[in-house]
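You will see two complexes here that share chain A, one where it goes with chain B and one where it goes with chain C.
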Partner chain A sequence: MVEPSTAIRRTERRGRRRPARLPWLEVSAGLAVPVALYLGLVWAPPERVMGDVQRIMYFHVASAMTAYLAFGLVAVASAIYLLRRQARWDRVAVAAAEVGVLFTTLTLLSGSIWARSAWNAWWLWQDARLTTTLLMWFLYAGYLLLRAAAREGDGQGGRLAALYGLLSVAIVPVVHFSVVWWYSNHPQVITPQGIRMAPQMVVALLAASVAVLLVGVVLFLQRWRLEELRDRLAELEMRCERT
Partner chain B sequence: MGWVALAYGVIWLGLAGYVVRLALATRRLEEEVGRLSSMLPEEEATVSDAARDARRGAASRQEGGD
Partner chain C sequence: MIRKELVSEARSGETLGASLLFALLLLTLLSLAAGTQPGWEGERLAAALWLILLFAGALLLHRSFAQETEEDAFLQLLLWPVDRSALYCGKALASWLYLALLGALLWLAAFGLLGASPRGPAWALAATLLLGTAGFAGAGTFLAAVTARLRAAPILLPILLYPLLVPPLLAAVRLGGWALAGGPPAAPLWWELLVGYDLLFAVVPALLFELLWEG
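Take a look at the complex of A and B:
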């Protein structure tokens, strides 16, 4: 086995890899958002029964899909971290989890506002989609707490957090299929039979999905950069104490 | 349209709040990193990502006892 000190010296010579700053991505997100807002709020027709309140759906669904992808990334990064023990994958997982929790929060809040208008209730506990989504929020908020607690340890705590991050992804298909498996009032617009919406609404939903995904990627990269800086600062503090 | 405005307000204010939080935290950390880097000799201040991985891996192996 290679002695840790030898490995450290060898890797000290390699370059530092940081998440790249991608201005074109930030500009794309900045352009996509107003376009999607125009398509969803002005261009798409109001829904026949619900009227304008259905327009909440465009960014609500887009936020939920972005959260799913973020949690998928948490699982992939956690698995790679468990296999390779490279800290950068742990940082990717933490950044993705926080962005996922943010978008799940926005999904829950926008859904609740829609429900107040459509169902005359802010929340229905018997609805499987609502309850499982809240459970997903708690699971990943728990991951963030666990990761924050494990930050100091870096060893076993980090591996435990990674394992938790990997296993938690099982909730994503449960949330998605909850409307099929259990009782739910939640509208289903995307079904195996196709998308049950007017073509203009489909375009507005696609535009919102692209815009929110771009915003999500920009936020993720920024959060990842922050995590890199935190570790770098910790390392510098350690070196300052030594010298 | 009131509910729509409320929902979109929550979404975009939430996102804007998060962006501000990230920007402030990044600036604070960059300043702190810059301050500490200036206190150290150049060689000591350059910490590669791979080096940190190696340290973490070493700590992890020691904890695992393998």
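Take a look at the complex of A and C:
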């Protein structure tokens, strides 16, 4: 455990330093989003069969990648937290989990809208990717619920959540393969979309990925900072009570 | 460890009874609500029975830790001169026994109430029940321990647990459906998945259990 006063001093130092470091990320995210929107929605050619609806794919795939990265970060931060017990890693985990749930929601919604047009159905259970993503969303929504519930409790939420976060990550591939096998006797409804893309489409996808990832990073850093400030506030309140 | 298991078994007779009553009630409501439509067989019947078992089982698993939390007996349990992973094993084995018993009685009641009867091999039905409830008990005991001290535990436990149970649920329903309906045997893959999942949740929580109680 870190001595509380040192922790406060450290967060104070970090709190002063952060504003000087953040803006360039926010500015580049702010620039990347309109550029990606232009490239994806205007500049890239419409897809031959699906038409303009295919443009959702750029942001759909970008959201999915950001969500997976965020969940990977939850796992790494949870493992480090369990090993080292530094509150910092717990804050990383919660910030990443929230960003991950947000972008998974966006992935599911955008995919569903696209599917309505492309497959004439909002949802197809036969696709293991959809079903796994939905179950992953449940896993991490549960993770956030656990954290919220544990916050009122005896302050051991970090450890409980880290254990659950690790277990969830271990189980996601098993869930995925079981869903694949479950539907293995059904016809293959989905053929990989967008593998043979026009070069302009690849550029648009890359731009969207960068833009969405930047937005994700900015949100994550803000959320992380908020968590830090929250802990610091709690620490200061405790000190006030003591004196 | 075995003694503790027996003690908790004697203690939670009421829990087992209540969960059994709950499961039978759900089965009754299900047969009533779906009564005029025949067709409870094969995978559909297996799916319905497993879902009932999940509902009743979550209550049972929650109670297995809630009793000790309420009575503040947990500290005493932790002070036992045994390895904490042994504590997990004892709890999980007891829960497994209860869940398998609950499942067996539920299946028997379903054969009576829904007029279904296994057309496939009976050993397969028993095996899916044993293997399926093993994974259920393994993951469930661990998460019940995670949520034990939280006020929201009764609702949190199923929310956290059910997504993790998708692989054994799918495997048990596919295999149970085959055992109920007969026909060509299900792929051996499902047996492997069930056994693999059980092994995973026998080993991993036992390792993590130590981390759960410190601090």
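Basically, the second predicted complex is superposed on the first by the 190 of 243 C-alpha atoms of A that agree within 3 Å, B and C clash if a C-alpha of one lies under 4 Å from a C-alpha of the other, contacts with A are read in each partner's own complex, and residues count from 1 in each chain.
Just so it is clear, a contact is a pair of C-beta atoms (placed from the backbone, for glycine too) under 8 Å apart; a residue touches a chain by one contact, two chains touch by 3 or more.
A quick note: this is a predicted structure, and the numbers were derived from the prediction, not measured.
A.B. asks: If you stack the two complexes on chain A, which partner ends up touching A:Trp181: first (chain B), second (chain C), both, or neither?
C.D. replies: Only chain C; A:Trp181 stays clear of chain B.
A.B. asks: Is A:Arg159 touching the first partner chain B, the second partner chain C, both, or neither of them?
C.D. replies: both
A.B. asks: Answer with first, second, both or neither: which of chain B and chain C does A:Arg55 touch in the superposed model?
C.D. replies: A:Arg55 sits against chain B, while chain C stays out of touch.
A.B. asks: Name the contact category of A:Leu167: first (chain B only), second (chain C only), both, or neither.
C.D. replies: Touch partner of A:Leu167: chain C, not chain B.
A.B. asks: Check whether A:Val27 is in contact with chain B, with chain C, with both or with neither, and answer first, second, both or neither.
C.D. replies: It touches nothing on chain B or chain C.
A.B. asks: Could you look at A:Leu139 and tell me whether it touches chain B, chain C, both or neither (first, second, both, neither)?
C.D. replies: second
A.B. asks: Counting residues of chain A touched by each partner, does chain B or chain C come out ahead?
C.D. replies: Greater contact footprint in residues on chain A: B.
A.B. asks: Can you list the residues of chain A that meet both chain B and chain C?
C.D. replies: Dual-contact residues (chain A): 153-154, 156, 159.
A.B. asks: Per the contact definition, I'd like the list of chain B residues that touch chain A in the complex.
C.D. replies: 1, 3-4, 6-8, 10-11, 14-15, 18-19, 22-23, 25-26, 29-30, 32-33, 36-37, 39-41, 44-64
A.B. asks: Which chain A residues qualify as touching chain C in the complex?
C.D. replies: Within the complex, chain A touches chain C at residues 82, 135, 138-139, 141-143, 145-146, 149-150, 152-154, 156, 159-160, 163-164, 166-168, 170-171, 174-175, 177-179, 181-182.
A.B. asks: Show which residues of chain C lie in contact with chain A when the two form their complex.
C.D. replies: Residues of chain C touching chain A: 142-143, 146-147, 149-152, 156, 159-160, 162-164, 166-167, 170-171, 174, 187, 189-190, 193, 197, 200, 204, 208, 211-212, 215.
A.B. asks: Using the touch rule from the top, collect the residues of chain A that touch chain B in their complex.
C.D. replies: Answer in residue numbers: 4-5, 7-8, 10-18, 37, 41, 52-53, 55-56, 59-60, 63, 85-88, 102, 105-106, 109-110, 113-114, 116-117, 153-156, 158-159, 215, 219, 222-223, 225-226, 228-233, 235-237, 239-240, 243.
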